[in-house]
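Structures given as structure tokens follow.
In the two assemblies presented below, chain A is common to both, partnered first by chain B and then by chain C.
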Partner chain A sequence: MVDEATKKTLSSIPLLKTKAGPRDKDLWVQRLKEEYQALIQYVKNNKGADNDWFRLESNKEGTRWFGKCWYIHNLLKYEFDVEFDIPVTYPTTAPEIALPELDGKTAKMYRGGKICLTDHFKPLWARNVPKFGIAHAMALGLGPWLAVEIPDMIDKGVVSHKEKTEGDYAT
Partner chain B sequence: MDPTKELELKLKELKIQLELERQKHESARPIREKIAQMSSEVVDSNPYSRLMALKRMGIVDNYEKIRDFTVAIVGVGGVGSVTAEMLTRCGIGKLILFDYDTVELANMNRLFFQPHHKGLSKVEAAAKTLSSINPDVTLETNNYNITTLDNFHDFMSRISHGSLTSGPVDLVLSCVDNFEARMAINSACNELNLSWFESGVSENAVSGHIQFIVPGETACFACAPPLIVASSIDERTLKKDGVCAASLPTTMGIVAGFLVQNALKYLLEFGQVSYYLGYSALTDFFPTMRLRPNASCDDSFCQQRQAEARARPPKEQESVGDSKMEDKEVTHEDNEWGICLVDETDPRKLHADEDLGRGLVAGVKAAYTIPAPVVPDAESNEVDASGVSLDDLMAQMKAI
Partner chain C sequence: MTAVEWDEVKRLAADFQRAQLTSTVQRLSERNCIEIVTKLLDLKLLEVVFTTDGKEYVTPQQLTREIRDELYVHGGRINLVDLVKLLSVDLNQISARAAEIERTDQNCSLVLGQLIDKTYVSRIAEEVNERLLQQGQVTISDLTRQYDLPSDFLQTVVEKQLGKTIHGKQDKTDPQVFFTESYVARNQACVRGALAAALRPISVATLLSQCGVEERLFYSIIGNLMETKQVAGVITGKQQSGSSMYIPSIYSRSQNEWVNSFYKQNGYLEYDALVRLGIQDHQLFVRRHFPNEKLLLLPTCALGPQVLDQVEAAVEEAVATGSMVNIMPLLPSFFEPEDAKEILTEVLKNSKNKYTSQNVHVFCSTVVLTEQFIQKLTKPFDAIIQKKAEEVVSSGAYLLAQAESKVQNNRGLAEQDESSTKSDRREERRKKATGGKGGGGTQGRETKTKSTKKKYLRGKAAAGDDSDEETASSGKTSKSSVNKLELLSFAEIKGVLTADELLQEEGDDLAELIVEIANHIHPLLNMSGLVAAEVIFESTMATTAQNRRKTHSELQDKLNAMFTNVRLFEKGIKQFSDKNVEQPLAKYLIKTLCTEMTNEIFSYVAQENMIQYDEAKELSPEVRMKILNDLPNESKEPLLKLHKSLNTNSVEEVLNCVEGALGPGICDMILRKPDKKKERSQLLTHRQALLEQLTSSEDPALVLHLASLVLFQAVTQTMLHASGRFVSNILTYLQSHLTAEIFKTMQQYHDLVLKLLTSGADDDHRSHIVNALQEGMLAIKEIATSFKKHSSTEKSQQQSE
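For the complex of A and B:
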């Protein structure tokens, strides 16, 4: 159901402990710390593996997240804004990751640019509440989505390379 | 042809066109005045005569009570919009609509919305049409996503104070298309102790269901993984390349019909309310069942409602045993044509479902299974958030 590479990536992301959502006040702050720790570790892992592919930050309350993700195709870097809200039922339900600028460009998206996840994502997430966090959602949801959809959109000509990014990540 | 006649014909044609255009722009204008009291008088001008006939026929005791009820509809898409129209035509007292989407031409394969609504918010477009169909219905619209923190608070406040008498709504109908929103409605209704109906149509458009949830008395939406009606399609062969979801006006209309029928039965207290009613379009199979709450449900308010339910004396209806239809032998005086009923249920199907043992009826299964929680071993890779501040972590993340 999940390929070996993704499995390996997943297993190196630390698991979270606190089952708390944005309505849970103090416990949510605890959860938020865990989220940041797991994310920092994941980004460090990615950099170490020469596979750095996203940055995220949140508002002060940790309820709204935004940042960038990028994908390298034929030595060119394609970069997109990422955003999502933490639903009130988090972490029982996963965040719905959105790439608003791609809204309407692919059928594998719901309104507002929310990515359409595979049938494997939700069961896997449900089995791992509350251990999975935002880092896992990125690794299991957005990562594989970009790998499938971006090359397809480039081929179809709906996504084109923009010379706006600093540095070349394709090494 | 006589040129005068020709001009007259042309004039007539243009007048009709003008009238059509005018109607299009004034669709919100009520065609009739509000009606203070439902009348059962059978005249062409009475919009309620056929509904009030339900009383005369002894189906419903007190039909006009429908005007006291407030129903919240969450999600005004393929199912929700049709649901809203049905309740509006039935003369419901008040509807509170929630949706954050806008009408697109891609919605035109479903009922209710029309191409000229394109670009309008779904709640706004729906309220416009509904108030022209029946100006007696009070309409409230909320154009937001209920799953985010601020909106959720407002959602809770509207369903607990939004009725015609500023009290809790009489029923919440979930017509949303995603798990997150269903779980949000579930936690709100568990917390506020409100009965609600969940409804859904599968992403392949050929199955659907409705589920009646009474907090503490029936399984809540978090008590078990989501249920799916077996569509007799091997899920692994389902092609999802290049698409997220398919939809049919038929399946959506059928599910909306089931939903409103059961909502009416619940509100007006007639017939028997189905706790779960599934629909498989490919085989025309309609499983029904009742699900008991999960004693170890993750939702603390569900557990609280279960404790309250246990403390209540059992209802008469429940002692009959899961409110199943009692099989009364129907004997007809004569049977001239020798008509008899043949059970078409495939007996193999009844035993094929391994989920039967868990209280699920044949043909319905859980979308996935949840393993029992395991105690993580000491070596597992877990975060350790002790002794760090959130601000430091946020700064660290930014600095990477």
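For the complex of A and C:
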């Protein structure tokens, strides 16, 4: 199952109500609103706990999302680009989050940099349709994946720290 | 509608971006914080104080402030331990801070783990003042109890505030006590009243309980009162102990007056009386009270020189007059004999120069006897001793004792040589002992049954004069006490002393004194007795030696005479040819004269050999045998022969034996040869004796007997020793030698005598015979006396023929 910290994080993200995909015109707007609210809350939560770890923005329709995520290991910040599309069957199908930079660097990844989610993720998501949204996918999918995979990759030397990114972040 | 909604979405997206772009709160985790703080502490960049739960930090400044706040909240006094709980900071930190506060702030002080404020101190001072006003007196110890603060702190607080906030006075004797003037005045008045009222010694404890005054205060008050001379009296005993007494001077004055007057009047002080007056340590008191008087401290009283002088005078007088004095009557009645004894020793010690202790004896602790007086007392004993000594000597007990003491002396001398003799008396005794005549005198005095008791008494009386000697010889005492010769028993001496006039004059109750005197003079008397006995013994020895020489010759003469007589009598017996007459006559002779002679010899021998026998009685054969058994062997043989010869009938043999017995070695006597002349005179004297007897005799039978004996001698010119039984035999013998007429007369008379002896109680007949005998007696006597002439003439005629 999901670890305690994650569970706690999840529970603090507001649940969504509207079951609608990008194709449902008005309902999707409704859904999108709810998504944003959940994300704002989540980010706020993270910031409040000094645990901010990603930046996200979407296109106008809210079907494509992109941004950055980072992980701090041994007092060094490792930053990666993150992107994903809202599938048509959303919210029944969970979005497939991808880190294109790391494509081919780890076994826990599909072609195109899509991360392999844990066995738990899918049934959990399925059970909670339509209550889970993007915020949940981030908290439940990408967060734990980073925590497990990044240190491993750093150890293997696959990922190295880039001063530049740090500097970028600072600016 | 949709547009509006899309706007809304746009807005939300913008919100989202904004939310994401807002800087994250720079929040540190707790863990990090702790790490950062420790780091800072390590680097000494930060100074904080940890709370006890470890979750909080406080800076020292904050802590100081908090402590001050708490102090204020708690009214100026707070315990550091309470602070620990209130601020949840470690006690070490707090006490460090508190010390800091005390150092920097003059208003605060740290006392006994408590932080105290100036306001609090002033409040205490006010409270103390109130209390002082209420109770009149306050002690630091009370305050300590009340405020739970150390006494020296309170002391300084109170002293500092004294006269400012606290209106009172500090006790001079006890700085811990404070009181108000009014309180002191009140108590002083109370005590002054009580002391003024006291007439007798009163214990301070009683005073305190009656006045209700504190003991501490009491003493300071008393000191004050005495200083200002408001009360007259003294406090005795240790202060603060409660056992001290207040003695009013009026009491001690009257006490002293009494003691002085009593002493002046009587010259002594009785301890009992002092105790009654309440003086416990009487000896000390007496010494202090009369430092100039020479007081003799006795077990029950103190004695002044007056009484001592009296006693001394009495003793001196007694010594001067040579009498005795009992000091008891001179002393006050309650005096015990022990006191008297001490007085006497004191007196005798003082006057040792005037008369030595030998002159004076102390008996019964109280009676002084001079030597002269004792001499007087012993005078009556001289006669008794003389008598006793004679008795002892004559009874032979002295001899016995002497013999035994000789054995003793040999042993005793050896011992005595070792122990150096000290006194002259002892020297004398020794001389006597070496002389061998002392007769138990060697240890005459020591050899007494009562020696142990006497030793003790003498030791007391003679004041150690020769007590060492006594002890030295006490070992011998037990040995030699067996054979001592006691001339005068203790009881006898006592009896004589009791009857003594000199003592009778002195008083009534003398039994004890007599016993002691008797004890004292007993050995002396025995000594002198023994000396007397010795003298007597020696003199008797001398006289007996003389006597013996005399008796020896006398006996020799006597025995010679007897011997001659017997021989003459034997001759007479030989005249009788008839055996029947001769034998009994010889036997009679042996029985009478020979036995007598033998007895003389035996008694002489017995005396010579110191054999005891009864001199008053005639020696019986048994006694003779006894003597024989005790005789030495050389003299035994002849005497035994003599003894046996008495049983034979032969006079000749007896005489031979006598001669043997008288021989040298036994009696050392010489028998004279038979002498004709002597025999003749012997015959004459014998006849004369017979005739004298005859003339004086009135008894017819005796007259006849004597007459016949005289006739026989006249006829035969030999002596005859015969009893009356032989008269008829003699007559028949004489018949041929006498004229018929004479013979007839004699015969007739003889018949008459026989008749008289055989006649019974027939009065007429008897008186008739007696008359006839009386008539014939003269004729018979005539015949006997006249026949001599006749016969002598006849004889001369015959001789002439």
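Criterion: the second predicted complex is superposed on the first by the 164 of 171 C-alpha atoms of A that agree within 3 Å, B and C clash if a C-alpha of one lies under 4 Å from a C-alpha of the other, contacts with A are read in each partner's own complex, and residues count from 1 in each chain.
Operating definition for what follows: a residue touches a chain if its C-beta (ideal position, glycine included) is under 8 Å from a C-beta of that chain, and two chains touch if they have at least 3 such contacts.
Fair warning: this is a prediction, and the values are worked out from it, not measured in the lab.
**Q** For the three-chain arrangement built by superposition, which of chain B and chain C touches the greater number of chain A residues?
**A** After superposing on chain A, more of chain A is contacted by B.
**Q** Once the structures are superposed on A, label A:55 by its partner contacts, choosing first (chain B), second (chain C), both or neither.
**A** Once the two structures are laid over each other on A, A:55 reaches both partners.
**Q** Looking at A:43 after the superposition, I want to know if it touches chain B, chain C, both of them or none. Which is it: first, second, both, neither?
**A** In the superposed model, A:43 contacts both chain B and chain C.
**Q** Contact-wise, after the overlay, does A:30 reach chain B, chain C, both or neither (first, second, both, neither)?
**A** It touches chain B and chain C both.
**Q** First (chain B), second (chain C), both or neither: which does A:101 touch?
**A** Neither chain B nor chain C is touched by A:101.
**Q** Using the superposition on chain A described above, determine whether A:155 touches chain B (first), chain C (second), both, or neither.
**A** In the superposition, A:155 touches no partner, neither chain B nor chain C.
**Q** Where does A:12 make contact in the superposed view: on chain B (first), on chain C (second), on both, or on neither?
**A** Only chain B is touched by A:12; chain C is not.
**Q** By the touch definition at the top of the document, which applies to A:122: first (chain B), second (chain C), both, or neither?
**A** First partner only.
**Q** Can you give me the overlap between the chain B contact set and the chain C contact set on chain A?
**A** Of chain A, residues 29-30, 32-33, 36-37, 39-40, 43-44, 47, 55-58, 62 contact chain B in one complex and chain C in the other.
**Q** Can you list the chain C residues touching chain A in their complex?
**A** 1-2, 5-6, 8-9, 12-13, 15-17, 19-20, 22, 24-29
**Q** Which residues of chain A touch chain B once you look at their complex with the stated criterion?
**A** 11-17, 22-23, 29-30, 32-34, 36-41, 43-44, 47, 55-58, 61-63, 85-89, 92-94, 96, 107-111, 116, 119, 122-123, 126-127, 129
**Q** What part of chain A is in contact with chain C in the complex they form?
**A** 25-26, 29-30, 32-33, 36-37, 39-40, 43-44, 46-50, 52, 55-58, 62
**Q** What does chain B use to touch chain A in their complex?
**A** 101, 145, 147-149, 152, 178-180, 183-184, 186-187, 222, 225, 235, 240, 242-244, 298, 367-371, 376, 380-385, 388-390, 393-394, 396-398, 400
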